[in-house]
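After this come two complexes, each holding chain A, first together with chain B and then together with chain C.
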Partner chain A sequence: MTPRGRRRAGMVRPYTPTGGRAAPTRRTLDLATLLIADPDKPLHGLDAHSRRLMQHCLPGVLSLAEVSADLQLPAAVTKVLVSSLVDSSHLVSRDPVPAAQQHDRQLLERIRDALINL
Partner chain B sequence: MLDSLVTATALLGGGFATTSVGLIVQARRKRALAARVTPLEAQRDSALAYAGAMEAESKHFAEVRMPALVDALARGHRGVPVPGLSQERLAGSPIDHGHQTVMGLLQEALTVTRDQIGLSARSSVRDIIDEAQTHLHRCQLNVVEEMDRYPQGTTYHQSLMGFDHLVTQALHTLQRTRILAGSWPGLQRADCTFGEVVESARGRINAYLRVSYTYEPGSGETWLEGRVVEPVTVALTELLSNATAYSDGKVFVEVQAFQTGFCIVVDDGGLNMNAYQREEAARKLSRHTVLDVTTLQDTRQLGFAVIGRLAGEYGFAADVTSTSPYGGVRAVLRIPRELFGHGPTAEETQAERRAAASRTPGHASASPTEAPPEGDQADRRGEPSDGSVLPQRRRRSPRPTAPVATGAPAPAEDPETFTQGFAHLAETIRDHESSPTEGEQFRA
Partner chain C sequence: MRSSTSEGNYLAPGVSHSVKIVVLGPFAVGKTTFVGAVSEIRPTSTEERMTKAGEIVDTLRGLSDKNTTTVALDFGRLTLTDDIVLYMFGGPGQPRFDYMIDELMQGALGGVVLVDTARITESWDAMGRMEEADLPYVVAVNTFAASPRYSESELRKALDLHPSTPLVECDVREKSSAKSPLIALVSHLLSRPSLEPAS
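After this line comes the complex of A and B, so read on.
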């Protein structure tokens, strides 16, 4: 919220947690994808960010966007981490309720109206 | 007749007496004069000898002592002895004092000149670095913004990461230079965890993939005060860069707790240092003074000097004299508890999360265009083309408030929309607040 948080954001560069990988192993993840952690999986052997990610998700369901903000990492980088955690079945991903539909419709209608007005 | 004889005798007698008295007086004066001449001659001789000694001494001063002093002080030649007086008898004389005063003045003049040149050189170095650092920092911000624009990982992200790594390394080079020039690291962070510090330092070196950090939640999630985050990170980066440069295997990093603080331990399996190198390293690490840029010996070995300077300034300690279990060097950064921080408050974390959650629908509405990134790019490229006319400004302003606008008919009734709007407002304020700290008044 404060600029303090902002200045913490650039601290860890995006390539560090993923070891320079930019492409996730699966392309089904979205910002609104919900992540559920498996509490039975051991956390040992995970790297710092994966472990923090798991700890954030363990208490309940979080969206990928929220996790990304918690880790102060860009969404694309979080996806790389999440997808490898899903691969190792530490996490279960679930598609969100499609809430974006009506937004789209309204936006399209407004654009149409504006075009007609022109 | 008798009278005349008596008179003559008396006259003669008187004349004789007078003459003899005069002679006696003269003889005495002569003797006195002779007695005065001898010491005067001796005095003259000694005065001549003294003058000769002074002449010789002045010559010695101008031709031997001063050049030796200039060689030793100004030219910095090592092992040049500055000779003393050539004439022993002049020791403690006014001329000796005079020479010593001149030599002292020369020394003072040199120190003052050097200090002034050093000061102005350092301040201009700092100014130049400030500017370059700002640009590189903005470059880093832009990389993250660009990554956020397309949440799907692509080859584009891969090349962005490559650029980011290079920019980050360049930024570190600038930071160490300005630290050597007597400045602070040039960046103030919020409180960060030890885990973040290690990960950040790892990302600043070339061979970061060889660094293996054993993360423990106890130590890794401890907060470090924002004021010392950058100094500790820069010092750790120097240690990691040393460790990876002198070994070709893995470098292991651990954060260990001890009674009065934490140790960041860096172990490598490379070449160990000999006793002489250890001593030299310890000397550099304990030197807390600002380095004189004009007397730097080897510009390739500044790492320890950087760490020593930071450690002295911010109150942590570094040690590289022990051997790692893998046969290489064990480098340790000791951070006392006084430098630990509190981290963001629960409110701040909550607000951050809310801001992120409110960002989600915005992105979700953009998701149809995000699937083919080329399409999105084309869309963006389309913006500036009609950006010369007014409609572009109309489009930009509703965009961030778009999710709020959907709930605009009844904003007061819907608390969730209200919170979303608030989070958006917070985000906008934060963006605006952070941009002037980068030294730019407007956003690109």
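After this line comes the complex of A and C, so read on.
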């Protein structure tokens, strides 16, 4: 058996893990979107890739980029899977602080101070 | 069943906000090194050996030590406070990946453009991308040992830099130095007049 983590990315067609879905159902998902799994949601009924994604997210919060890299799935494929899991409430997504809120002076000051004190 | 390929990289409970910074610059300027120096996790990248096919497109002249290149996005993570985490994404430098950069810049806090003083003009593309996207950015000169040193005014002139755009020098290999462009960027954001609270 191929050891997990040694699986080569790109060995299957992208539409295989997505179940033929070509585009995510929501447009806002970003690589820096944080994903929080709902531990109370049953995993049965999910396809293998979605189940694997959920199992990876259940222990703690990760960004979509990390999930994509950890599971060795292309970002576009990860977005499709995550999108459906958000629709079914298996995952809660928190998008990066949007541009409109970035004139929040207090937030920026906290970021700057944290960087300085690092 | 274990389904993950890495363990223990989860964010601290309570982290609820992410911010994103995009790092751009020409081929082999040090984007991956920069992200890696600042990141708290092993920078996740898909660096692979450059193929013969890539040699035609990616100029290696004068870059004798460069035998890998980033063919996909690489990123790093830095938990800043109990609730804020910063993600840095190093964009692929080659123009054929431009479509990835556009997506990357959306929703970003700002950008860092890396400059090698031996190839100053090669950073113009990255600066142009930031300006087109209307993304605030800082220019960080990577102090490569072998590259020529210039005064700030000479660099500003050569880069045709807007007077308000910060210019910093850093050694992208050192965390303490590599974080200076990030501090400069956030200070720059704080100094913008548009920051006044919207009524």
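By definition in this document, the second predicted complex is superposed on the first by the 89 of 118 C-alpha atoms of A that agree within 3 Å, B and C clash if a C-alpha of one lies under 4 Å from a C-alpha of the other, contacts with A are read in each partner's own complex, and residues count from 1 in each chain.
Assume a contact is a pair of C-beta atoms (placed from the backbone, for glycine too) under 8 Å apart; a residue touches a chain by one contact, two chains touch by 3 or more.
Because the structure is a prediction, the values reported are computed rather than measured.
Q: Give one of first, second, both or neither to describe whether A:Ala65 is in contact with chain B, with chain C, with both, or with none.
A: both
Q: Check the residue A:Leu115 against both partner chains and state whether it touches chain B (first), chain C (second), both, or neither.
A: second
Q: After the superposition on A, what does A:Asp47 contact: first (chain B), second (chain C), both or neither?
A: The first partner, chain B, only.
Q: Quick check for you: in the superposed arrangement, does A:Val92 touch first (chain B), second (chain C), both or neither?
A: After superposing on A, A:Val92 lies clear of both chain B and chain C.
Q: Which partner does A:Gly20 reach: the first (chain B), the second (chain C), both, or neither?
A: first
Q: On the A-aligned overlay, A:Lys79 touches which partner chain: chain B = first, chain C = second, or both, or neither?
A: In the superposition, A:Lys79 contacts chain B only.
Q: Where on chain A do the contacts from chain B and from chain C line up?
A: In chain A, residues 4-5, 9, 30-32, 51-52, 55, 63, 65-66, 69-70, 75, 96, 99, 102-103, 107 are touched by chain B and also by chain C.
Q: Which of the residues in chain A come into contact with chain B in the complex?
A: Touching chain B: residues 1-17, 19-20, 22-24, 27, 30-32, 46-49, 51-52, 55, 63, 65-66, 68-70, 74-77, 79-80, 96, 99-100, 102-104, 106-107 of chain A.
Q: How about chain C: which of its residues touch chain A in the complex?
A: Listed in rising order, the residues of chain C that touch chain A are 1-6, 9-11, 13, 15-20, 41, 44, 46, 73, 75, 77-78, 80-81, 84-87, 89, 104, 106-109, 175, 179, 182-183, 186-187, 189-190, 192, 194-198.
Q: Can you list the chain A residues touching chain C in their complex?
A: For this pair, the touching residues of chain A are 4-5, 9, 30-34, 51-52, 55-56, 59-63, 65-66, 69-72, 75, 94-99, 102-103, 105, 107-112, 114-116, 118.
Q: Spell out the part of chain B that touches chain A in their complex, as residue ranges.
A: 137, 140-141, 143-144, 147-148, 150-155, 157-158, 160-162, 164-165, 168, 187-192, 195-200, 202-204, 208-209, 213, 215, 217, 220-221, 226, 229, 233, 344, 347-349, 351-353, 355-357, 359-361, 363-365, 367-368, 402-403, 406, 426, 430, 433-434, 437
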